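The following pair of complexes shares a single chain, subunit A, combined with subunit B in the former and subunit C in the latter.
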Partner chain A sequence: MSTLTSVPLDVIKPARGRLGAPSARLVDHLLAGIPTLWLALFFLAPLGFTVVFSFGRNIFGGVELAFTLDNYRTALSGFYGATFIRTIIFAASASALCLAVAYPVAYFIARHTSRHRVLAIVLILIPYFSSFLIRVMSLHMLMSRDGFAEAVLNVLNLHSGPLDVLDTQTAVFIGMVYAYLPIAIVPLYVVLDRIPRPLLEASRDLGASRLETFLFVTLPMSRPGIATAVLLTAVPMLGEMVIPKLLGGSRGVLMGQALSSQYLQSQNYPLGSAMAVLILLAIAVIVAGLARLTKGFAEVGQ
Partner chain B sequence: MVDRSSPPKSLLSRRTMLGLLGAAPATAALSAAFPGSLRANAAGTGQLNIYSWPDYFSADNLATYAKKSGVTPNITTYDSNETLFAKLNSPAGAGFDIVIPSSSWIKQLADKGLLAELDHTRLNLASLDQDLLDRDYDRGNKYSIPKDWGLLGVVYDPEATGGEIKTWEDFFKAGERPEVSGKIRLSDSGWETIGTELWLQGKDWNTATVEEIKAAGERLKSFAKHVKSFSGLDPNAVANGSIVMAQTNQGTARAAIGLNPKLKWSVPGPFSELWVDNYAIPKNAPNVDQAYDFLSFMLQPDVQLAETKYVGFPAAVAGLREKIGADTPNADLIFGGKDLDFKKLTSFVVNPETIGTYLQVQTEIQAAAG
Partner chain C sequence: MSISTASRGQWGQRATDWGLFLWYVAAIVFLFGPIFAALVYSFNLGVVNKQTATITGWTLKWYPAAWNDLSLRRAVQTSLVLAFWSALISIIIGSALGYALVRHPSQIARKVLAGLTYVLLIVPETVIGVSLLLAYAVTRIPLGMATLVAGITPMAIAVVALIVRARVLTLDRRVEEAAADLGSSRLKTLWFIILPQIAPAVAAGGIMAYTFSFDNLVVSAFLTTPQVNTLPVYLYGSLQYGPSPAVYAAAAVVFVFTLLMLGIAALLYRLARRSGAAMTIA
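The block that comes next holds the complex of A and B.
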C-alpha cells in the first residue's frame, strides 16, 4: 500500500475498493502459511524421509537409497507380521475397555452433575498436570508387592497374600486404561452434554423405557464422541511402548517396541521406516472407518 | 555399559529408571540451554566438554578438579551407546572432548573413525588393574581407558532354586522348578540371554554366525514361558520374592542382598560377561590437552576410590578392594564376589553382521514370554 500513498486521493479511493480485499487475503494467506510451513518442515519432510527410507537398503546406522520391497516383506511376514496383528488387536481391546469405562463416567457428568460439573471435569483432567511417566511409575509402585493395592485388596478380603499383578498383561491393560481414560471421557462428555433434553423427554413421552431411550436416542447420537474417543485412544496405543516396559515386564512385544528397537538398537532404519509406514496406514484406515461412522452428524447439538 | 536395564546406581533403581527414560534428555536439554552456568568463570581459560551417562561422575571429584584446574567440566548426558554413536556420527557430535562408550561399542566407534588414538605417554596406565587392559574389544587400549566395570551374573534365592547356580545350565534347570518358574528376570539385551546358551555350546558370542545365534535362541524361546520380566531389575522385587532368580549385574545384586541377606550372587560358567565403560577422546576434540589433564586427574587412586563409592561399580585402578573400608557392607560384591576369575569373562563387541540377529531373536524371546 505504501506505493499508493503518493497517488492523488481520487485515484486511491476506488483503488482501495479493489486492492483492499486481496491484501486482506494476503494476510490470511501469510498467517495460514506459517503453520503450513511448520508442518511441511517438521511433519511432511520427515514423513517423506521415512517413506523413502522404507524402500532403501540397510547399511549399519545409515540407509542406501534403492527401491526394494524387502523391508515391507520382513515387516509383514513371520514374527513382525504377527506382532503387527497382535498390536492392532491389543490396541482395539484396550481402546474398547477404555471406552467401556469412560462412557458411564461421561454420562454421569453430563446428566447428573449440575453445580459441580466444573469440579468433576477438573478432577478428571488434574492427572494431566503431572508427567505421563510419573503417573505410570506411580501405578508401578501401587501394584508392586507390599504395595498399596495389595494392602487394600487384603483388607477388603478380595485377595489374600501377596499380589503379583505387576509384569502381567493385566497390569498393562490397567495402565493403558488408566493413562488414556481422561482423553476418552472428555469427547464423550461434550457430545452427551449437547444432546437436547427435549429429545429425551419426547422419547419418554412416546412410551420408551429408560433403556430404550438410551439405546435408540442417546447412544446413536453420541456416535461422534465414541469415534473421537476411539481415535484419541487407539492411535497412541498402537505405538505405546512405555507402559508395556514399565508394567508388563517387556513381555509379549508390541509394534512400538519392535519399531523403536529397529531404530535405536539394530540401527536398521529401512525396516523401522517400513514398520512406521505400516502403522501410519493402519491409522489411516481407522480414521477413514471412524469418519464413515460419524457421517451426517452435523446436526448434533443444533 | 552393556546391561543398561540395570544401571549403576542400583540402590535407586526406580529413580534411575526414571532418569534413563526422562531425566537424561532433560539434563541434556538443561545443560545445553545454560552451558555457561556449568563452566568455570573468568579464572579458567580452558574448557572441557564431557558426553557421558547420567550421574556417572562423583560430584566431589568434579568440584576438586574445578578448583585445581580452574576448568569446570561441562557434562552432557546420553542414555545408550546407540545414542552416543548417532551423535558422534553426525555434525552435532563435534565439540566433545571426552566420551564414555561401553566395551561393546569401542570397535564400532573406532572403525568409523570417530575416536582419536590415545597418547599413552600422557597417562599412567601402569597403576590400573591389568585384567582390564588389552582386552579383545580394544587391543593395546589404542582408543580407550577403562573407567569402571561390571559383570553379568545371577542373583537368586537358594531355597527356591534348590541349590547353587554354578553354570548357566544350572540356571536353565532351576528355572523349570515350580518354585522358580514365572519368577525369573532375564536381560533385555539379546547377547546376554542368547550368549548363555552359546557359551554352554562352547561358542564365542563375538564370532557366532547368524545361524548359530538363531539356533541358540531357540532354547531361550522355549525357556521364555518361565520368565516374568525383561525390564530393568528392581532390587526390591528380588528382596520381597516376586522375582526369585534374575540375570543382573553385581551392583543391583548387592543392593538386593543388602535388603535380603539370604539371597546369593554368582557369576555362572563356563563364561559370563565383563562390560567395561571407558574414557575415550573423540577425533577432532577441541580441548585435547584439557582432556588428558582431566584423565590423569581421574586415574589417581584416591580419586578412583571416590568414584567407586559414588558410582557403585569398581573403578579401574588396581588394589581398590583393599582400600575400601570395612564400613562398606558386602564390599566383596562390588568387585563381583570373592573368587572372580577374569579368564572366564568375555566382553561383547557389536558387529554389524550379527547385531540385528541378536536383537531380533531377543524380540522373539520376549514375545514368546507374553
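The block that comes next holds the complex of A and C.
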C-alpha cells in the first residue's frame, strides 16, 4: 500500500507546496517560535543573567558588573571548594548506588513479568510522582530517634540503642538513593525490554552461560539506559538542596544548599551565580562523558 | 552439555529468579515505606501538638485541624491557582513544541528545539530557581503569582512536549498529506485532523504538568513571597520548627489527590493509544 500511494503523493507534492506554502510556513514558524520565545524569556535569559553575574563584583547593596574571576576563586577554595568536591563525589556515588539497586529491579520487570508488567511498573512510578517533599519528610521521621528504622534494626540485632543517623552524611546518602531510585529504574527497564530475545537465545545457543550472556550481551546493550539513568539521577543530585537540608542538618551541606543560601541569606548574588555556573559545567562534563558511553546508540535521553 | 550441569544450571537459574523477585519486592517496600508512614503519622496523636517518631495514640483530629489552619488553606489555594495557570500555559505551548519537535519542516529548527528541551530537562531546579530570582531582581519585576507561574512553566512545558511528541511520532503522516491535498489549510489540518488525535495525550500531559506545578518545591522556594506561598513551600518552612501532625494530614490528602490525578492521566493516555489504534485500522 505504501509503495502505491507514495508515488502519486510525490508527484503532487510540488504543486501543493506552491499553493499552500506561505500560510503553512507561517503556522510552522509560529508553532516553533512561540515555545522558543517563551523558553528564551523565562529560561535562557535568566541563565544568561546568572552567567553574566558570576563575573560581577558584590558591592554593598548591589552588584557591580565587571569581569573578575574572584567569585570562581572563592567558590573553588576553602569551605565552598570542599563542598563542591563533596557534592560531586556524593552525586557520583549516590547515582552509582542508585543504579546498582535499580538494575536488578529493571531486569526483573523486563525479563520476569509478563501479565503483571503494567502493575510492576506502576508500583515503581507511584512513589516518584507522589510529592517529593512528603516522601523526604517521612523518611526523616522514620530515621529519627525512637523511629521505625531504629526499632527494626534493634529487633534484627543489627544495631543496639538509639539510632543517630539523622543529621549525618549517611542520612543524606540514603535520602538521595531513595528519592532518585524510581527514575533510575525506568530508563534501564526501557532498554532491557528492547533487547531482542533472539539475540539472547543466539548467545545461549553458541555456548555462553547465563552469566556470560548477561556480561557480554545484555550489559553492553543496556548502555544507553545506564547513561540516561546516570543523567536523570546524578544531574539533579548536583543541585539538590532539600534532602541535605532536611536529612543532613549542618553536617551534610551540599552545593545546591550553599548556592541557595547565597541568594536567600547572604545576598551575595555574584558568588551564588559562580556556584550555579560551576554546577552547570560539572553537568556539561557528565553529559560529554555519557555521550561517549553511548556512541553508536541513539542520543542520550531518548 | 551433560545432565548434571544442566540441572545445576537450572537450580542456579531458579535461585537467580527468586533473588530478582525478592530484590524487586524489597525495592517496592523501600519506596512505599515512607509514603505509608506519612499516612500512618497523619493519625498520630503526637505530643503537645508536635509530631513524634513514636506513635503516641490514634486520632482523626488532624484532618479538621489542617482544614481549619488558615495559612495552610491559603497555601493550598495558591498552589491550586498556580497549577491551573501553569497547566493551561504549558498545554498550549508544550503541545506546539511537542508537535514542532517532530513535524517542523526544517531539520535545523527541529534540532534546536530538541536541544532546548534537552537542556531544560538537565538543568537542576536549584539553578533555574536562583537564575529566575536573579533575573526578576535585575529587571525589578516584583514577585507575585505571575512571576511564579512564568518561572514554573518552562519545566511543565517540557513535560507536556515530551508526552505530545511521543504521540505525534505515532501519527500517520499520510493523513495530513491527504487533508492538504484535498485543500485543507495548515491551520484547518491542525485543528480538525491533528488535534483530535493528540487530544488525550495533551490532556494527560496537562494533568502531569498540573501535578508537577502543584508539587514543585525548589523553584517555588525562590519565587514565593509571604503573600504568595504555595503548599510545598509552606510545608517545607513548617518543618524547620518541628511540624504539627496536621502537616502530615495535609500531606496525606495531597498524596491521594495526586494519585487520583495521575490515575486520570494514565486512563486518558490509554484511551489515546486505543483510539489511535482504532484510527489506523479504520
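Convention: the second predicted complex is superposed on the first by the 273 of 302 C-alpha atoms of A that agree within 3 Å, B and C clash if a C-alpha of one lies under 4 Å from a C-alpha of the other, contacts with A are read in each partner's own complex, and residues count from 1 in each chain.
One rule holds for everything that comes next: a contact is a pair of C-beta atoms (placed from the backbone, for glycine too) under 8 Å apart; a residue touches a chain by one contact, two chains touch by 3 or more.
In this text, all values refer to a predicted model and were calculated from it rather than measured experimentally.
A.B. asks: Mind working out whether A:V217 is in touch with subunit B, subunit C, both or neither, as first, second, both or neither?
C.D. replies: Neither subunit B nor subunit C is touched by A:V217.
A.B. asks: Which holds for A:I109: it touches subunit B only (first), subunit C only (second), both, or neither?
C.D. replies: In the superposition, A:I109 contacts subunit C only.
A.B. asks: Quick one: classify A:D164 as touching subunit B (first), subunit C (second), both or neither.
C.D. replies: Once the two structures are laid over each other on A, A:D164 reaches subunit B alone.
A.B. asks: Does the superposition put A:S144 against subunit B (first), subunit C (second), both, or neither?
C.D. replies: In the superposition, A:S144 touches subunit B and subunit C alike.
A.B. asks: With the two complexes superposed on chain A, say which partner A:L153 touches: subunit B (first), subunit C (second), both, or neither.
C.D. replies: After superposing on A, A:L153 lies clear of both subunit B and subunit C.
A.B. asks: In the overlay, answer first, second, both or neither for which of subunit B and subunit C A:L264 touches.
C.D. replies: Once the two structures are laid over each other on A, A:L264 reaches both partners.
A.B. asks: Quick one: classify A:F79 as touching subunit B (first), subunit C (second), both or neither.
C.D. replies: The answer is first: A:F79 touches subunit B but not subunit C.
A.B. asks: In the superposed arrangement, which partner chain does A:A92 touch: subunit B (first), subunit C (second), both, or neither?
C.D. replies: In the superposition, A:A92 touches no partner, neither subunit B nor subunit C.
A.B. asks: Residues of subunit A touched: more by subunit B or subunit C?
C.D. replies: C
A.B. asks: Please work out whether A:G252 is in contact with subunit B alone, subunit C alone, both, or neither, and reply first, second, both or neither.
C.D. replies: It touches subunit B, and subunit C stays clear.
A.B. asks: Both subunit B and subunit C touch subunit A; at which residues?
C.D. replies: In the superposed arrangement, which is not itself an observed complex, subunit A uses residues 131, 133-134, 137, 140-141, 144-146, 242, 246, 264 for both subunit B and subunit C.
A.B. asks: What does subunit A use to touch subunit B in their complex?
C.D. replies: 58, 60-61, 79, 82-83, 131, 133-134, 137, 140-141, 144-146, 162, 164, 166-167, 169, 242, 245-246, 248-253, 257-258, 261, 264-268
A.B. asks: Touching subunit A in the complex: which residues of subunit C?
C.D. replies: 9, 12-13, 16-17, 19-21, 23-24, 27-28, 30-35, 37-38, 41, 51-54, 93-94, 96-97, 99-100, 103-105, 109, 112-113, 116, 118, 120-135, 137-138, 150-151, 153-154, 157, 161, 174, 177, 180-181, 185-187, 190, 211, 215, 217-218, 221-222, 232, 235-236, 239, 243, 247-248, 251, 254-255, 258-259, 262, 266
A.B. asks: Given the complex with subunit C, which residues does subunit A contribute to the contact?
C.D. replies: My answer: residues 5, 9, 12, 16, 20, 23-25, 27-28, 30-32, 34-36, 38-39, 41-47, 49-50, 53, 101-102, 104-105, 107-109, 111-112, 120, 122-124, 126-127, 129-142, 144-148, 178, 181-182, 185, 209-210, 231, 235-236, 238-242, 246, 256, 259-260, 262-264, 269, 272-273, 276, 279-280, 283, 287, 301.
A.B. asks: Looking at the complex, which residues from subunit B come into contact with subunit A?
C.D. replies: It is residues 14, 17-18, 21-22, 80, 82-83, 85-86, 89, 108, 185, 188, 224, 227-231, 234, 236-237, 240-242, 352, 355-356, 359-360, 363-364, 366-367, 369-370 of subunit B that touch subunit A.
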